[in-house]
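Labels A, B, C, D, E, F, G and H are assigned to the chains in the order they are written; within every chain, residues are numbered from 1.
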Amino acid sequence: MDRRALTELLARVQAGEITVERALDALREFPFADLTFAKPDTHRALRTGQAEVIFGAGKTAAEIAAIGDRLAAHGQNVLVTRLDAAQAAELLGIAPAFTYHPEARVAVRKVVDVPITGKGTILVVTAGTSDGPVAEEAAWTATLAGNVVERLYDVGVAGIHRLLDRRERLTAARVLIVVAGMEGALPSVVGGLVDKPVIAVPTSIGYGASFGGVAALLAMLNSCAAGLTVVNIDNGFGAGVAASRINHL
Amino acid sequence: MDRRALTELLARVQAGEITVERALDALREFPFADLTFAKPDTHRALRTGQAEVIFGAGKTAAEIAAIGDRLAAHGQNVLVTRLDAAQAAELLGIAPAFTYHPEARVAVRKVVDVPITGKGTILVVTAGTSDGPVAEEAAWTATLAGNVVERLYDVGVAGIHRLLDRRERLTAARVLIVVAGMEGALPSVVGGLVDKPVIAVPTSIGYGASFGGVAALLAMLNSCAAGLTVVNIDNGFGAGVAASRINHL
Amino acid sequence: MDRRALTELLARVQAGEITVERALDALREFPFADLTFAKPDTHRALRTGQAEVIFGAGKTAAEIAAIGDRLAAHGQNVLVTRLDAAQAAELLGIAPAFTYHPEARVAVRKVVDVPITGKGTILVVTAGTSDGPVAEEAAWTATLAGNVVERLYDVGVAGIHRLLDRRERLTAARVLIVVAGMEGALPSVVGGLVDKPVIAVPTSIGYGASFGGVAALLAMLNSCAAGLTVVNIDNGFGAGVAASRINHL
Amino acid sequence: MDRRALTELLARVQAGEITVERALDALREFPFADLTFAKPDTHRALRTGQAEVIFGAGKTAAEIAAIGDRLAAHGQNVLVTRLDAAQAAELLGIAPAFTYHPEARVAVRKVVDVPITGKGTILVVTAGTSDGPVAEEAAWTATLAGNVVERLYDVGVAGIHRLLDRRERLTAARVLIVVAGMEGALPSVVGGLVDKPVIAVPTSIGYGASFGGVAALLAMLNSCAAGLTVVNIDNGFGAGVAASRINHL
Amino acid sequence: MDRRALTELLARVQAGEITVERALDALREFPFADLTFAKPDTHRALRTGQAEVIFGAGKTAAEIAAIGDRLAAHGQNVLVTRLDAAQAAELLGIAPAFTYHPEARVAVRKVVDVPITGKGTILVVTAGTSDGPVAEEAAWTATLAGNVVERLYDVGVAGIHRLLDRRERLTAARVLIVVAGMEGALPSVVGGLVDKPVIAVPTSIGYGASFGGVAALLAMLNSCAAGLTVVNIDNGFGAGVAASRINHL
Amino acid sequence: MDRRALTELLARVQAGEITVERALDALREFPFADLTFAKPDTHRALRTGQAEVIFGAGKTAAEIAAIGDRLAAHGQNVLVTRLDAAQAAELLGIAPAFTYHPEARVAVRKVVDVPITGKGTILVVTAGTSDGPVAEEAAWTATLAGNVVERLYDVGVAGIHRLLDRRERLTAARVLIVVAGMEGALPSVVGGLVDKPVIAVPTSIGYGASFGGVAALLAMLNSCAAGLTVVNIDNGFGAGVAASRINHL
Amino acid sequence: MDRRALTELLARVQAGEITVERALDALREFPFADLTFAKPDTHRALRTGQAEVIFGAGKTAAEIAAIGDRLAAHGQNVLVTRLDAAQAAELLGIAPAFTYHPEARVAVRKVVDVPITGKGTILVVTAGTSDGPVAEEAAWTATLAGNVVERLYDVGVAGIHRLLDRRERLTAARVLIVVAGMEGALPSVVGGLVDKPVIAVPTSIGYGASFGGVAALLAMLNSCAAGLTVVNIDNGFGAGVAASRINHL
Amino acid sequence: MDRRALTELLARVQAGEITVERALDALREFPFADLTFAKPDTHRALRTGQAEVIFGAGKTAAEIAAIGDRLAAHGQNVLVTRLDAAQAAELLGIAPAFTYHPEARVAVRKVVDVPITGKGTILVVTAGTSDGPVAEEAAWTATLAGNVVERLYDVGVAGIHRLLDRRERLTAARVLIVVAGMEGALPSVVGGLVDKPVIAVPTSIGYGASFGGVAALLAMLNSCAAGLTVVNIDNGFGAGVAASRINHL
């Protein structure tokens, strides 16, 4: 549309219908951003044909269903994150096209198939079973963005042998997402065992001086394993997007 | 050496010189890690032939020179970070093989040439001129790890046109490192303009309620631009290593 | 009344009914503040004839209704902020003169018309849809104080083109209120695009290391866009009053 | 220049020298920001003919002198903030065109006269004598931006009569900047005495649990005096710019 | 009892029934503290004949009633603090000897009359109406400890004339308790108007950057009014005890 | 199993069925950790025959019952911590083999008797009655790990004689666990009275500036009584494990 | 003077020289505060004839000497706090009328004798020898305000017998100032041993998680010893003023 | 002495020289603490014949020498901690009986031999070389308290094989002190490999979001390895004392 408007303007210049001066004025007022940035709302969306993401916390089932309908109408898969069981029950009541995955607190509405476009495997690793929902949010996000995702769960550092036993799986991955709460030490150990990109995700698992995940976050930011990068506490979605971007290089 | 010891042990089993039982016992005590993890000290080193990194802050010139000699003897380039002018002067007095780059606060001792092994360009972006040293630390780290590195400096968000004018450079990069102090908003804007991996580096530039970089760090962790990952305050080195890992995929 | 009392006192001095000495004593005890500061309770009120504001959180419907009756009896419009749906339902049950605006979490009881006394337009800008209630609180506060208020919502920095497309609206405003949660970067960008006063309002939107709005607050306080001023987290009301004060200059 | 380039492009379309298609491609790559945003670096500058501001802390005298020369060559006055006595002595040694004002820690290089363009008086108020340098930074910033600035110093709340005695001066101002350290209570009191915009500036004056100005900052953000806005700790410059923007409405 | 035991021991020494050596050994094991410190549990109790205090939060009605019975049996009045309406209803159902004062969230069981033993008046001052419950907790605590208590409520600093109008009441008090939330500025102003002891009580009233009363607490600790002392957030009880101790000197 | 696999491998070397080279390769891939670390999941378990511990908070009764069945089937006692009354009621409904101890918020399923293997007495001391549940969690943990546990409750420092009266009990213990909330001073006093190991446990008892136990935690970390060590806020379980490890030396 | 001006005004009303209307206008502008508050700058001063206090930190010797001369000329003793040895040496060089007390970091210029006007003894207690300077600042402040001051130093809680041995001295005092760094536990213990007012002073003595005195401050605010009040970290001066106010009741 | 005084008192009762009544009064005033607590100042001292410890930071060489002389005269070894090179040089100039150990920042004055009284080996483990001084402070403290101390340095988690290679040394120790800065993860890993007491010591090594050791401290407090206990940041001395207490059981 904007392209069309601009084409028309230039055509009128070409046809001599308006002067260069007036075209200059018109251009100055032109909504150029729409022209120059093709990709719409890249900060909230995965690529078209894959999934658009809705942050479910604090939204009503009706709101989610409505956004979902609009997206599905554009041929986009829909991923709803941070959806608790009560919200999900209500959502599925009014929008049965969604499937709910309680272990990930996500609901998915699949409209089109997701081709595998990522080049390697993204491995999601967790320290404890309680870190599961955040890890699953990352895994679902990456999966719906076209990546092969594997999981290696409950290999925290206080039983280091469980991790070392699976070192082949660690080294086989192209990108790693390491999820941990409490002292958040796992990414440091993993970061020392591989030479691939490692994205650390602190979780709010813990109590007392864990301060809702701050202890794990600080540990990860201060990791002695160089090359580690970190996302916000419980931000499985962000880690999934980042890993997918890397895996599509 | 360890490999040799293990070979000997197996040979003796083969030769029937020791029983399986005793070999089992011996293996149980074996320093297996040396065997199974080929890569030495991966957390502090870039790949051999490139650069080994020394954190210069708090070290004497003599200590740095000594470590440098040892590394150079193994055919490794040496990168010293966080080296102020006074330390540098002293270091060059006793170890003239180093070159000092004051704008990056790094000293480099080049022993071997660094072939370009990274696949694309790493672009280092800064919000203000004061963020320069951290950006340069990242740039030098990535360069010595075999990457093509470009720079786009002083394009902070309060003069957003300066950034938008260079959008071709942003989209041309394979990996982006975005360095900002104060309110740390630049990575969010850049993250919305590209679909490549963006590593955000908060700096301690600012005063008062910047709390030595905490304001920028929090802003980056809470970015609405999905896919952003973050490293510690002023950690240009870590960002350089992470970007290089990604660029070598 | 107080003025009357003082007039009487002076008249009695004039009439010689009391000595200067006794008048001196009487004056010393006089409630002079009432005399010297005409404007009553300016810290909680907008100007008479416009709206008096009640902070609704933690108050019962009965309490709000009672205060509302008293104010309305003095010919003042009443604005109740931070009123959730349940409180509102109860309030309207017993005080049907109120209208509830759920998108702003405010209830309004209009007693007199509000003439437009502000000189220009106050533009309320938000980064995301979740920032809406705080923005609406600001908008309603300014509206009831006699200002023309416009809205520009959901133009966060990760999709910078959406903001730039509307730059005419930004520059047309006389005062701007910019509302953002998460990384709180929007006011910095807006502050660089206009040369009018910009009031930044951090919101508690976010999770993890947003610490209930602290990340956004710090970002705004550390903005590289000079001339920005900041109010408390979620304080739409305060921003509305400040903007109205400026717009009435 | 950019305007010239665009004019040429349109002229070539008009002349039929290039097709609409190619013009479209060319426009897509055009550095439009330079075109559309006339005002250069608005975030760091006051209006031309007045003063450009340099943050002096951490800069060498040579750097400051060089920037100063460049700005002066463009006919701009120069204001250097956060300049301690030692830096100042060195600066004046190599750039005698500067005058140093130690009470404000600023140096000024006046190239052109500053006409009074602000409409009313900006009053700068401080709680204690130690808040002086921050207040003076605000006062100098506003003065060089073309405002009449008055000062009312050392009227802290623990001797409330000193403030009340000068209430005429408070009510006579069009914009107020209130500077306070320690418990930061003064802006709340002033905010209750006037109905003009009040900008609160916390300072780092204090010790122990003042946490470098955090106590004062929090007090101001939580002020019960509605309509108060706040800037960063010790940010006299920001307050001066904000007050000037308001005073030019 | 202990005194009796010790008397017996000494009598047996006197009677030559046990040797000095054995008496020495016995004394070493003696529960001497009971002997030497007459006052039992002074940290939780007001003086006998007055009131014993129970912290009600988190206790069941049955627990409170039981403790109350035990104390009453010893002739002590009982003050229960932090008791919400639901707890109170339940308590009065099973222990009708209590009276509930909802404005103070306290329940009182009066067993004996409380003679006035404090020497002057304790004045409890609040900044806003929301600070009422904390103030009332202080007032009830001091009253039941035998003090004359007066109240001066809702005289916050943003309407400073309301406070100044009552300055006679301020100067008439022997001890002052000043209760404020939000920016916590009132104690500083009061502290500058009187030369009597002022106890500042921060409350958790506020939102956002008030951090549950931390802003007010810090303001009070950093007060420029020398001679101010501070208690914990919402600790009306502690302020009441401290004021009573002073008023009994 | 792994041992068997390794035995087979060595037997084949011995039998000359595979070369040393190939055995070397096979060993490199061997899950050595299982071999070398006999003790499974030592970080979450007490020794077999004693109790396995389940963190009950956030788990459903069904989940707990299921884990309990699995553990009991292996002949292990089960200790469930952080179990509130509602959870407990539900758990006992479906798993009547558990006994609930409300004062400790723990449920115990005893499968085998616990022999006393600790060498001395572990004394659990509390400052106030509210610290009881954390203390009981420590006591139950230590008891089920085979220790003699004694209790000395409600001997806080503001009534120091209550503590001093029981000094024999303090000095009789081999290891001490000292539990305190609020100002957390008790461990410092106890640490000065004994020369045995003292483990300090801060609790979240308190309000306002206790910040959920942070005040007590900091006090304990800064204790002037050398030799004190500290665990996380409310971490009675951790203190019980640490004390048991020491008591088994 | 002001009283004289007001008398004149009333006399002219009485004499019919001015109308009531004009007198009313004149009164509205009257500097009433000077009239109504006799006591000048009570927040920074002790009573006349005693000492005026100068906060020495950050002031030059010349500034201090000048203020000292002015105060001495008004017949006031001068107390300079927070004066390090270097400052003191310089001060005594130019103002030999001062005496320096290095153990208190204070300098005193005595102009008139200080009569004992406080009614009892103020006892200053410290936990450790490092708390000395803060304690001495309190002691000197109270002494120069006309109080008998006694000292009981180095009786920290980890050697509780040292404190208990001097319990007579504790109970003999009318007001107690208790100074402690590190875990700040001493005021709680003292508060349980006496029934007099106890003012707790946290000091910045400590390292690591003492956070410059925050640990001690929090401990004191959360003390289980009711009736304790607290001042800012290292604020010996404030404690001295508060104790003196109490001791003069 | 006190024992003698008490003996005399009892003898006089026995001899009938004083009545039981008077003896009772005398006992009430008796300095009982000296009697009942034999161990002098246990909080600052190791056992006699071993070492007394002086915290060197902030003390002059003369002060240290004087305390050292006094202790040595009582036949005690002296350990001075936190002594930098400059202090040490000055100390050895005036007190040559001290030996300085720069790697531990301690000075030792040995008066008597230290017999080995601890029952097993205390192993001090560090994550990085920078953690050395804190580790050495712990090691020297434990050594002078009569323990066999071994060291295992630079085995941080990012190169986990270096730790695993030495697992025999870990399991051979009776008590472990694990020292780590940055992310503080090492104690969690070690705690999972041994079943002996592990004391974790966070160090201030790190920058940015390490916040002077807070990141490491929080990680250790939140360790998933049960049985870990923690001391203050950089508190090698405290860890040494705690380990020695345990090792003497």
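By definition in this document, contacts are C-beta pairs under 8 Å (C-beta built on N, C-alpha and C of every residue); 3 or more make two chains touch, one makes a residue touch a chain.
Note that the structure is predicted; figures quoted are calculated from it, not measured.
Think of each touching pair as a link: the shortest run of links from subunit B to subunit G has 2 of them.
Chains that touch both subunit D and subunit E: C, G. Interface matching across F-G, A-B or A-C places the copy of D-E, with more than half of contact pairs shared by residue number, at F-G. Remark: among chain pairs A-H and B-F, A-H carries the greater number of C-beta contacts.
With respect to subunit B, maximal separation of chain centres occurs for E (centres as means of Cα atoms). Inter-chain centre distance (subunit E to subunit G, centres taken as mean C-alpha positions): 25 Å. Each chain gets a centre from the mean of its Cα atoms; for subunit D and subunit G, those two points are 38 Å apart. In subunit C, the residues touching two or more other chains are 32, 36-37, 42-44, 156, 158-160, 164, 191-193, 208-210, 214, 217, 221-222, 224-226, 232-233.
By the definition of touch given earlier, these chain pairs are in contact: A-B, A-C, A-D, A-F, A-H, B-C, B-D, B-F, B-H, C-D, C-E, C-G, D-E, D-G, E-F, E-G, E-H, F-G, F-H, G-H.
In the complex of the two chains, the subunit E residues touching subunit C come out as 130, 156, 158-162, 164-165, 168, 207-210. Across the complex, subunit C meets subunit D through its residues 36-37, 39, 42-44, 47, 53, 119-120, 167, 174-175, 191-193, 195-197, 199, 217, 221-222, 224-233, 237-239, 241-242, 244-246, 249.
Against subunit C, the residues of subunit B that register as touching in their complex are 127-128, 156-160, 164, 182-185, 188-189, 191-193, 206, 208-211, 214-216, 218-226. Against subunit G, the residues of subunit H that register as touching in their complex are 29, 31-34, 36-37, 40-44, 57-58, 202, 204, 212-214, 217, 232-235. Residues 3, 6-7, 10-11, 13-14, 16, 20, 23-24, 27-28, 32, 35-36 of subunit B touch subunit F in their complex.
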